[in-house]
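Have a look at this one before I ask anything.
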Amino acid sequence: MKRIGDVVLDVKNISLAFGGVKALTDISFDVREHEVRAIIGPNGAGKSSMLNCINGVYQPQHGAITLRGKTYHGMSPRQVAEMGVARTFQNLALFKGMSVLDNIMTGRNLRMRRGLFWQALHLGPARREETEQRAAVERIIDFLEIQAHRKTPVGRLPYGLQKRVDLGRALAMEPSLLLLDEPMAGMNVEEKQDMCRFILDVNDEFGTTIVLIEHDMGVVMDISDRVVVLDYGKKIGDGAPDDVRKNEDVIKAYLGAAH
Amino acid sequence: MSQAPLLDVNGIEVIYNHVILVLKGVSLQVPERKIVALLGGNGAGKTTTLRAVSNLLEGERGEVTKGSIELRGERIEKLSTSAMVERGVVQVMEGRHCFAHLTIEENLMTGAYTRKDGRAAVAATLDKVYTYFPRLKTRRASQAAYTSGGEQQMCAIGRALMANPKMVLLDEPSMGLAPQIVEEVFEIVRDLNAREGTTFLLAEQNTNMALRYADYGYILENGRVVMDGAAAALRENEDVKEFYLGVGGEGRRSFKDVKSYKRRKRWLA
Amino acid sequence: MGPFIETLIGGLMAGMLYSLIALGFVLIFKASGVFNFAQGAMVLFAALAMARFAEWLPKFTGLDGKLVVNVIAFLGALAVMVVVAWLVERLALSKLVNQEGVTLLMATLGIAYLLEGAGQMIFGNDIYKIDIGLPKDPMFLFEQQFEGGILVSKEDLYAALIAAALVAGLSLFFQKTATGRALRAVADDHQAAQSIGIPLSRIWVIVWSVAGFVALVAGMIWGSKLGVQFSLSLVALKALPVVILGGLTSVPGAIVGGLLIGVGEKLSEAYLGPMLGGGIEYWFGYVLVLVVLLVRPQGLFGEKIIDRV
Amino acid sequence: MLYRENGQFKTTYGADSQILPIRQDRIAFAVLMAAAFVVVPMVSSEYLLRAIFIPFLILSLAALGLNVLVGYCGQISLGSGAFMAVGAYVAYNCQARFEGMPLIVSLLAGGLGATVLGVAFGLPSLRIKGLYLAVATLAAQFFVDWACLRLPWVTNGSSSGSVSIAGLSIGGISVESPASRYLLCLSFVVVFALATKNIVRGHIGRSWMAMRDMDVAAAVIGIRPMQAKLSAFAVSSFIIGVAGALWGFVHLGSWEPAAFGINRSFDLLFMVIIGGLGSISGAFFGAAFIVVLPLLLDKLPYWTGLPMDTATASHLALMIFGALIVFFLIKEPHGLARLWATAKEKLRLWPFPH
Amino acid sequence: QAKEQFFPLLVYRTGPYSPNGTPWANGKQDYIKLINARDGGVNGVKLTFEECETGYATDKGVECYERLKGKGASVFDPQATGITFALTDKVPNDKIPLITLGYGLSASADGGVFAWNFPLMGSYWTASDILIQHLGKKEGGLDKLKGKKIALVYHDSPFGKEPIPLLDERQKMHGFELIKIPVTAPGVEQKSAWLEVRKQRPDYVLLWGWGVMNSTALKEAQATGYPREKMYGVWWSGAEPDVKDVGEGAKGYNALNLNTSGQSPKVIQDILKLVHDKGQGTGPKDEVGSVLYTRGLVIQALAVEAVRRAQERFGKGKVMTGEQVRWGLENLSLDDKKLAALGLTGVIRPISTSCTDHQGSTWARVHTWDGAKWAFSSDWYEADAQIIKPMVKAAADKYAGEKKLTRRSPADCQS
């Protein structure tokens, strides 16, 4: 059984505006170790912006984020990455010109240190390092079942597989906190099942904490431990899936009557 | 399907980059005033099929090497995309493709580029689109690049509607939309189909939704049509149920329990 | 003081002429996302056509009367430029839909070579004259106040006025008309524009024809000043920083950029040049651009560069 | 068929990430190297060596360097002529000012000089992108052109502004004969090509490509934009600088700033794009195209047997050159290297298409 | 098989310099055709040629040189100072002489060091020297130049920079002020240069331009109101293409000239009759006899005479090698009689070279554009050997020092 732990990520009173558009208004929530935390909300509610704030792509105007005891207001994406946060992107941000293998290898970049000189020679340490990291990446490739596409340029892969590679790249960072932005968009049920399997495995086996944005309520309700609901940049609900499902505001703003 | 179909795709093959064979003889018919769904997993070739119809393959370095495509009996493989739009066939591209630097409203207005029926008519359509997607109205003055993924999706659909099309090729309309909006989009499809007689060919992953709204469905796997039939019939098919609707023999299975043995699809055997 | 004012005025007028060429770049970029390196070659081509037509007309038809000849030659050259636009679309652009910016840029360099070769082959590679009656001798103002007066080149003055009129006209056309919007849509995303029925080929022929027209006017003015010869195509290099400074997508930007660079480079040449060894106007515009871009990466009036995930 | 990878299984990751994973390719490569090092210098005429092979090699090297920047890191540069110039002039000054400076050291110093400039002009790339950057790099081009022309110490006070180098030798061995010059260039090219290939398939190369393809995502997975871009600028300009030094020392012998003008920059960019962005072999294909084609076109009147005066012939050559560039871009926007790869892929699948 | 003497012709008929390069190239070609048509070659040796387009670019020029030298070249006229600089290091190995008539390295007049360069009839030092003499004469004595301002508007390249050392020297001697205004190649952007001229108001402007730079300079001078009468060009800045499209605006402009122009000289008549009227002419007929055409013709004529002279020593009716042609070039002696025989009477002054003097003559005249044609406006001047000789020697010695060359011995001159 899962041991949900302490708070690892604490978001406090975050506000973010672009010109006149208030993307986020005074949002607070927390994420606990090992849990799967979902963020849902209608389109344009500010979900992706929230992730962008967490990993340093956007700098919120107000509020603070505390990650493993370290509070920050503005950190570069790289610094956040060094603290073990990885993410996937809503609009596929893969490196189009590179193969699947190389894309996932970039996820190991933080761990590779050999400088230009050794790289140029491709001998000794550089080669050893490369082989070691490659082994780790191969494990991820096996795990995601994309062995056959290893050398394919990602641009040629169908959308669903690209999403998987995106996940693979994030996993390669061996993150302790994984932010997933609509990882299952554009997939059919079978593929969603696969994706869920991967997410749950990561969560179970490596104990990775997961923040998940998803529009498929079936998925959200089934696999998340707690759910935050945003609407027009405001938080309108927070709690266990079943509670959220019954929340009037949430039904009105997001779920619609049918669900 | 008694009357001659509006669109008749006959055994087409599509090759990308001269080497990658993607469609291996796909045939399908779309009757006038009907909604036809094109289903299938990732990489099955749905998008490619739609591109072949709307002639958007060239920019992707793809080409139709075999077979024929007819619209109302006219061969259309050689037509340009804009000629297709003039014949009333508009595609909503997968992955949104809004004009990043144009505002939402400008995006919508470009959709009316081929319209010849005057300003007032265009304005009326714009109003219609705004009533379908109120969210767009509130964001009408932002540059499309700065709107959320879902807003862009709405914009792309709305933009196609601005052309007052006879037939719409919808590529993954539900992707990235909130469930409520998905519902709405499909309602809009049904509405347009019923009221204005617009024909739809709809590539979808969301099989459940698609089969609820479509009249007929084709299932594509690996560049071939592996199954087709009336939507209702497909919904009852065991394989479709299991692999596309996620309801195995014993009812809907939780996503939490999927880490089980995967069954092979019967048609691959 | 006198020399300062003269330099300033000279700079302004040179700047206006740069703008004229920059305008051609902006038009095509705005409307198709193509950074058209062939603009210089188009200027040369158009000017050669006009110069030679003006020379041949009286010779072969016995027509004379400077105005008539010039007008007919101008129209003839314009027709040639439309044909060029059509050919460019047919043979190159239509086959490069949806390609990346660099690829298109390289293609226009190829087109530039083609035009330079063809232009000189058809029309010759000597120095030719365009005589549209611009006065060549300068006028001197304020002769009382300044020793030797303030020199103003009448020719430049007229040229600047023509340029200004052209620019004003084009900005009007571009702002808000439906065609203008379609053009911008094409620049953003070729494929999406196609998908909603914008006929790329027609749009491109139109834009390249308009750019051809601008090139012709620029060629006519520059040609009348400098003579028409291969080197005319090099003036495009002077217009590049102007385009970038003003912002690739902004018509008014091309004007402001032109004036800034014109004035900046002439003044700096006159006052900083002697300290640095002279000739600094050669790079001044580019370095100015570099500095400005550091502050505004999209140029002064360009559309903000969008990058978000 | 002969060209198959069937049956060649990779059992280690090392083997799998070889530069040439297919055995037939390795054999072909070995043959090519043998030909380049042994056969070519033995059988080629002086003209062939001096006017074709040497410029081809040096420009390939420069294109290789530029490809690092444009092809791998996605930063368009129109200023590569300037980097070649800096390489050449720094190397020249080393030779002219320091008695007995070894040739190789001077050449590498040229590369380092270019690196410094490259990094300086690379700094703006952190903010400026795309075509804006491309035009901004022209600042380097024009500034350096100007400096070489107007600052006397650049040319070591040569009153004409033209500088020359004579009596090349390495460790006492004269490098004057065409064959020895050719071998010198070839060695540089091979060494740099291998080193570059190694870098681009390692993590540094991947960080360049990541910046090129999607810089925000790259930052999110922990790549430092500054480090990635500047290292690309540095490596690229180093190689281009060395190529520039070779161009001055080995090919021209005596040169003026005009030798590294803006046309050189355009030519290099052509090579990279026609050859194939982000491909090592592309640099060679591109250089071959740009070096050899004009020479072939010069022979046009001779081949067609048409009496054609020089001017017409060279205008025609210019037109054909332009037309071919457009043609190849249409045929394969990813360059000759990709065309080659596609051909190989077809061969591999032959006789079963697709 | 008939014997053939091959002449490689480096030319530029395209690019910014083509208006000037083209008549020059035509003159060279027509003269070869004339010799074949009129004399059947040189003592029975037919003359052949092949052109190579350099575009005035140094690297292209080097490529052309490499290509044509393999085809039996025995003398080159690079048509550009930049190319000359690049070839100067190469020719000693290949043993092929360069004729750089009126251009190239001024120091290469010293045949003792520059064994393979022949700046026949003058260099940029002699040219600038003559111009200063002329200005001095106009002012009523060189001493009157004191306090005057003379601006040098020059093509910023080895070509344009060549006269500077001599002008500096003269400046020291006479106390005028030399203002140097460089123009970046190819010279279509001169606005600042002429605003500078206007600011400085020099008494004279010396123009060291080539190609489009010349006509542009005249147009800018007009636009900034600088009197053309006070402008003096080098002999490369005073031909028809430079003033043609400026027309009236260039009236009064002066330039040096090394040769006559016009269609009256016998050699020109011969060409018209034996080449052009036979439909063999290279360029348009009305260009024959123009300034640069004639200059090209003269260059080719001297090359042919060198071959003829060499044949006198090494065997008539034989094909001459580069070394033999060099001997011919070092032993030219064309007096009035010989010139007359060649139809060159009045076209150039007599010239005679030696192993140490590769120049042979340093005379030039000034001509002036009257709005329709060039007309001579001064007498012949000879450059002041007292000033130039030591400069040449010093520069040549310095060059020899850098390249570790030793001066040729008198014995070497015999080979």
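Chains: A, B, C, D and E, in written order; residue numbering restarts at 1 for each.
One rule holds in what follows: a contact is a pair of C-beta atoms (placed from the backbone, for glycine too) under 8 Å apart; a residue touches a chain by one contact, two chains touch by 3 or more.
Here is each chain with its UniProt name: A, B = Branched-chain amino acid transport system ATP-binding protein; C, D = Branched-chain amino acid transport system permease protein.
Bear in mind that the values here come from a model prediction, so they are computed numbers and not experimental data.
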{"item": "Chain whose Cα centroid lies at the greatest distance from that of chain B", "value": "E"}
{"item": "Most centrally placed chain, judged by C-alpha centres", "value": "D"}
{"item": "Chain pair showing more contacts of the two, C-D and D-E", "value": "C-D"}
{"item": "Chain B and chain D, separation of their C-alpha mean positions in angstrom", "value": "46"}
{"item": "Computed distance of Cα centres, chain E from chain C, in Å", "value": "37"}
{"item": "Distance from chain B to chain A - Cα centre to Cα centre, in angstrom", "value": "28"}
{"item": "Junction residues of chain C, two or more chains touched", "value": "120, 125, 278-279, 282, 308-309"}
{"item": "Junction residues of chain E, two or more chains touched", "value": "13-14, 18, 22, 156, 182, 184"}
{"item": "Junction residues of chain B - those touching two or more other chains", "value": "20, 146"}
{"item": "Contact set on chain A toward chain D in their complex", "value": "55-57, 76-78, 80-82, 86-87, 89, 93-98, 102, 105-110, 112, 114, 116, 119-122, 126-127, 130-131, 133-135, 138, 169-170, 173"}
{"item": "Complex contact set, residues of chain C against chain B", "value": "97-98, 178, 181-182, 184-185, 187-201, 249, 303, 306, 308"}
{"item": "Touching residues on chain B, where the partner in the complex is chain C", "value": "54, 56, 58-60, 80-82, 84-86, 90-93, 97-102, 106-107, 109-111, 113-114, 143, 145-146, 159-160, 162-163"}
{"item": "Touching residues on chain D, where the partner in the complex is chain E", "value": "45-47, 50-51, 55, 146, 149-150, 159-162, 164, 166-167, 251-256, 258-259, 295, 298, 309-311, 313-315, 318"}
{"item": "Chain E residues within the chain D interface of the complex", "value": "11, 13-14, 18, 22, 25, 51-53, 55, 57-59, 62-63, 66-67, 70, 82, 85-86, 88-90, 105, 156-158, 161-162, 164-165, 182, 184-185, 282, 403-404"}
